[in-house]
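Here subunit A shows up in two complexes: once beside subunit B, once beside subunit C.
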Partner chain A sequence: MSVALDFYVHRESWLHRLDPRVKLWGMLVGFATAFLLPSLIVQGVLLLGLHLLLLGNGIPWRVLRGLWRQMALLIVLILVLQPFFAPSGDVLVAVGPLRLTVGGLVQAGLFATRTLAIAFCVGALLFTTDQRALVQAFVRLGLPYTWGLTFSLTLRFLPAIQQLFVTVREAQAARGWVAEGNLFRRFREYLPVLVAVIIGTLRMSDRLTLALAARGMGAPAQTPDSVSVQRTVWRDLRMRSTDWLVFTGITLGLLAISFWLFAFKG
Partner chain B sequence: MLVAEHLNFAYPSPGLGLPATEALRDVAFHLETGGALAVMGASGSGKSTLCHVLAGLAPRYTGGHVSGVARAAGYDILATPPPTGAVGLLFQDAATQLFTPTVEDEVAWGLEALGTPPSHIGAQVEEALARFGLLGVRTRSPWVLSGGQQKRLALAAVWAMRPRVLLLDEPLGGLDPQGRAEVLAALETLAQGGATLLLTTFRPQAAALAPTTLVLTDGASTPPASTAEVLRDETQLVEAGILYPPYLWPTFEVPGTLSATPVITVQDLHFAYTDGHAALHGIDLEIPQGQFVAIIGPNGAGKSTLLRHFNGLLRPTRGTVHVQGKDAAGRTTGDLARAVGFLFQRPEQQLFAATVYEEVAFGVRALHLTDVAGRVERALARFELTAFAQTPPSILSYGVQRAVTLAALAALDTPILALDEPAVGLDGREWARLLAWLAERRAAGVTLVIVTHEMELAARADRVVALANGRVVADGAPDEVLG
Partner chain C sequence: MSRNVDIGRMTLIALMGALIFVLTVLARIPIPATNGYVHLGDAAITFTAYAFGPWVALFAGGMGTAMADMLGYPQWAVFSLVIHGAQGLAIGWLVQKRINTLTVLLSVVIGAAIVVAGYFAAGTFLVGVGAATLELLPNTLQGISGGLIGVPLYLAVRRAYPPLEARSRRNA
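Let's turn to the complex of A and B:
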């Protein structure tokens, strides 16, 4: 069985202990900062700050490097293509209709650092918040419990379905099947694999339905004297003073940015 | 406390003109509070269905028709579902029962569903994890645990809800010997602790945990009797397809003398997965034509990784693998499939065709072999599958699915067979079928390379290769390696 789609890195840091709703709020304010302050220096400081925050809270460098690798292709594409879409200022090189300009390069750098800042804001949430707490945060913010559970189960079973695909493809390859030829032919030859994966997924979902039902999903619990009781939550989220302090700090930061934009940028 | 009287159950027809399947026929037993009952039966005899009916899941979630009487923990199960936590069920495939991100969350989930006050949940989670020896892995993901740990976790999650009746469906099913020993030890503490439990099994070690046992054959039950008596009557268990004791096994003889020509040559084989995990560290191996080689070793030793190099599913990070004298590196998996028939673990995940016939014919067609119909029909007949030819493989029982995967291999008639844990989860009838076919292939001069945890099977090989941490640690005759 494959590992679930989970980015959480288990540590005992203050950021890990921080209420996930505050971290969600921080992530949104991070997004807002990346969009509202279009300056290479601000984006760079935000990115550096996120790296220091994560490293300081026990997230190993290899995890951050992994995120850099995930983003690498997108960043290269932005840096290569963006300068030609938004040329402005002094022309550095011109080849036919294409013009590489100073303004275009700055714009591309800005887009790239903004994209990275957003990715690391999401990383700061996912690397330090376990799935249970994350789902609980959404539920406490108004998402129905069954939706939260569905979200969690999706994260759990997506890799299992991917593994099923690999297993079926290997089973077919071991019996002499080779996908070759043009794209259309390959797609047609993959159809039996897809059918098998769909059937396997349906069977998996059947078994999961039984497992959830056997553990009391959807059925009201009762005390020994037949009184119905509600589902409870172990380690429910509770805002502590540190959480309020960080929440206040983030909110004040957002207000300061808004004030500065209103007062000095119109 | 747990009662069945004239209990009958039939699954609905799966369509395609196929009839409804009668799964339980006139099953009857009484189990008192604190008692334990073992239900022994071969694969497909109705054991899981019995558990699902008694847990209130069938026909509620499966469809089908039920009649008779079933009472558990004082509830009429057939009339209304038992309230959450009254009846606990450990599913045969523990991995599908686990769905939360961490081990401790898995145990807490059921307690939350019961409405347990949050301040009590921590202590109860702790107690359940301690009882089943899982405290050390409490923050890990359930899906990275070993099979034995997953089974114990599923057991801990069910037990933590303090069910008045505990149903355990094949608690030792699908586990290697180490996993079986771990779970057996956990079950012993449950049985000694006075839990009311019903467990289904085809393994005598598990049945021995209960003082009484009934035998299910094609959905019909014998009256419960003393477990010691049932286990003494080995003939009945063999006839029911439950046991296949080694003294009945066929001999694995090869006609004449073995050729010295190697069919598989492995030189300095190193392999690392893409995540950096190095699984093999310099394996050297030469397998002559017609030899029966058993590859043994603990979980994670690199056995399956080595085997997957023989048909090109994995390619060496360093070193070479030659099959029939040709370097496997320059050959496609499709080409290697002509020489090496490969059997994976978990047959239910390998079946993809619309019918059993098409499943068996798939490889024959993919390799452009002659006489497709003849090969398929002979393979179906060899594994008693002719009656299932037009049935979708996905709706068959585990044992029949395993037979389909063997038939798909048999139809290819390859000179080398590489089998990855072919014996896991097999009952007596399936063992008999597998061993008879292997003996037949061996007599035909086919080279057999089998990864196994079953030492009885390894002892029948010409040669045993023991792996540990990706290296060969012993290689020789069974007497020398197994001691």
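Let's turn to the complex of A and C:
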């Protein structure tokens, strides 16, 4: 099983080209909409809009279906359980203390559509944004570059540590290792595998530290006459007119929601 | 030449984060009685907290589990970042001065309590109290397993890999 954490679907659409900071802002406004407007119609429109946006920008249906499949069990659980925990309004069915009500069903529907809307908001960002661009966006938004580098290193070393884990487990299995019995016995059986994986990871970390130090990582950037200089980047993010336009549209949408909530909902 | 970045700590956070991710996603012990499984991500967080203290555990634990959630449960990622970060921070803080029976017991109980209470609160907010209640038992088992595997794991690694002591002191 491979656990590569790359959801990016390469396309040449306007959404793919959009500045990742604007997409992050859009995702946050999507979250706010899902939480601030508890209406099945609004949540449904948001969900439909996200699907149309992604499909219109070249994300294949199989990718969206994959996300639906991952969410399916949770959605079923919400729809089955939530109505009985928050009964309100007309009673449809009553069995002992359990009451299935219209209000309960509506609330379950709201929780389900909101969860889906949040998942697809995250999907809209991850399916259309390259990992490096996303890390760079966070750094441009104020995250210290060392944190951005730490996150990039984690992504970079996922396959290596996954391979280490699989190799150790297979090597132990070849020597007759098997995790069987009750839960505590299984925990104990896993220890030799985990010890070897952790020691391998720590050695990897030592080598990486040396490699970074050898390349001058962390050394203060100074000119020969000891004047500190700003860090530079190879490819910088720049807001284009389309980015500003979309950013303005999203912000106006948020302001409209806030105004509507303030004026009509108190 | 002075350095303003602790490269050793940075690479440690990055690689322990990756390890926590891998053990969350790949190392799953089936529980035949419930037809479910316990993953070893919490054990890796406990190990990290014991070995490298609260700050490395805070960042590696939060980042590793949030990334693991991205694989199938993206709506939980932010909550996992906070909950497992807090779990690592609390465990690391409890055992950073001394490791004895009391601090070990406290760290296991408090670590598990943070996971159970955190996910219940997040679940009630996100998916409703019904689905959140259903997760109470598996989360309790998951949280306790973190301590039950993580503490012996730390002791075993410390025995098998003496340089761990020096690294622990450096990063505490």
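What we mean here is this: the second predicted complex is superposed on the first by the 238 of 266 C-alpha atoms of A that agree within 3 Å, B and C clash if a C-alpha of one lies under 4 Å from a C-alpha of the other, contacts with A are read in each partner's own complex, and residues count from 1 in each chain.
We adopt the following convention: contacts are C-beta pairs under 8 Å (C-beta built on N, C-alpha and C of every residue); 3 or more make two chains touch, one makes a residue touch a chain.
As the structure is a prediction and not an experimental result, all values here were calculated from the model.
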Touch check for A:153: first (subunit B), second (subunit C), both, or neither? both
Given the touch rule stated above, what does A:119 touch, subunit B (first), subunit C (second), both, or neither? second
In the overlaid three-chain picture, which partner chain does A:235 touch, first (subunit B) or second (subunit C), both, or neither? first
Name the contact category of A:111: first (subunit B only), second (subunit C only), both, or neither. second
Quick check for you: in the superposed arrangement, does A:8 touch first (subunit B), second (subunit C), both or neither? first
For A:25, select first, second, both or neither according to whether it touches subunit B, subunit C, the two together, or no partner. neither
Touch check for A:68: first (subunit B), second (subunit C), both, or neither? neither
Regarding the shared-chain residue A:208, is it in contact with subunit B (first), subunit C (second), both, or neither? both
I'd like to know which partner A:195 touches here: subunit B for first, subunit C for second, both or neither. both
Can you give me the overlap between the subunit B contact set and the subunit C contact set on subunit A? 1, 3, 153, 195, 199, 204, 208-209, 212-213, 217, 219-220
Subunit C contacts subunit A in the complex at 1-8, 10-19, 21-23, 25-27, 29, 31, 38, 40, 43, 47, 59, 63-64, 67, 70-75, 77, 126-131, 133-134, 145, 148-149, 152-153, 156-157, 160-161, 163-164, 167
Which residues of subunit A touch subunit C once you look at their complex with the stated criterion? 1, 3, 5, 7, 70, 74, 77-78, 80-86, 107-108, 111, 114-115, 118-119, 122-123, 126, 146, 149-151, 153-155, 157-158, 160-162, 165-166, 179, 183-184, 186-188, 190-191, 194-195, 197-199, 201-202, 204-205, 208-209, 212-213, 217-220
Touch list for subunit A against partner subunit B, complex: 1-4, 6, 8, 10, 130-132, 152-153, 156, 164, 167-168, 170-178, 192-193, 195-196, 199-200, 203-204, 207-217, 219-223, 226, 229-236
Quick check: in the complex, which residue numbers of subunit B touch subunit A? 52, 55, 57, 60-62, 81, 83-85, 88-89, 91, 93, 95-97, 99-102, 105, 108-118, 121-122, 125, 139, 141, 143-144, 157-158, 161, 311, 313, 332-334, 337-338, 342, 344, 346, 348-354, 362-363, 366-367, 394, 408, 412
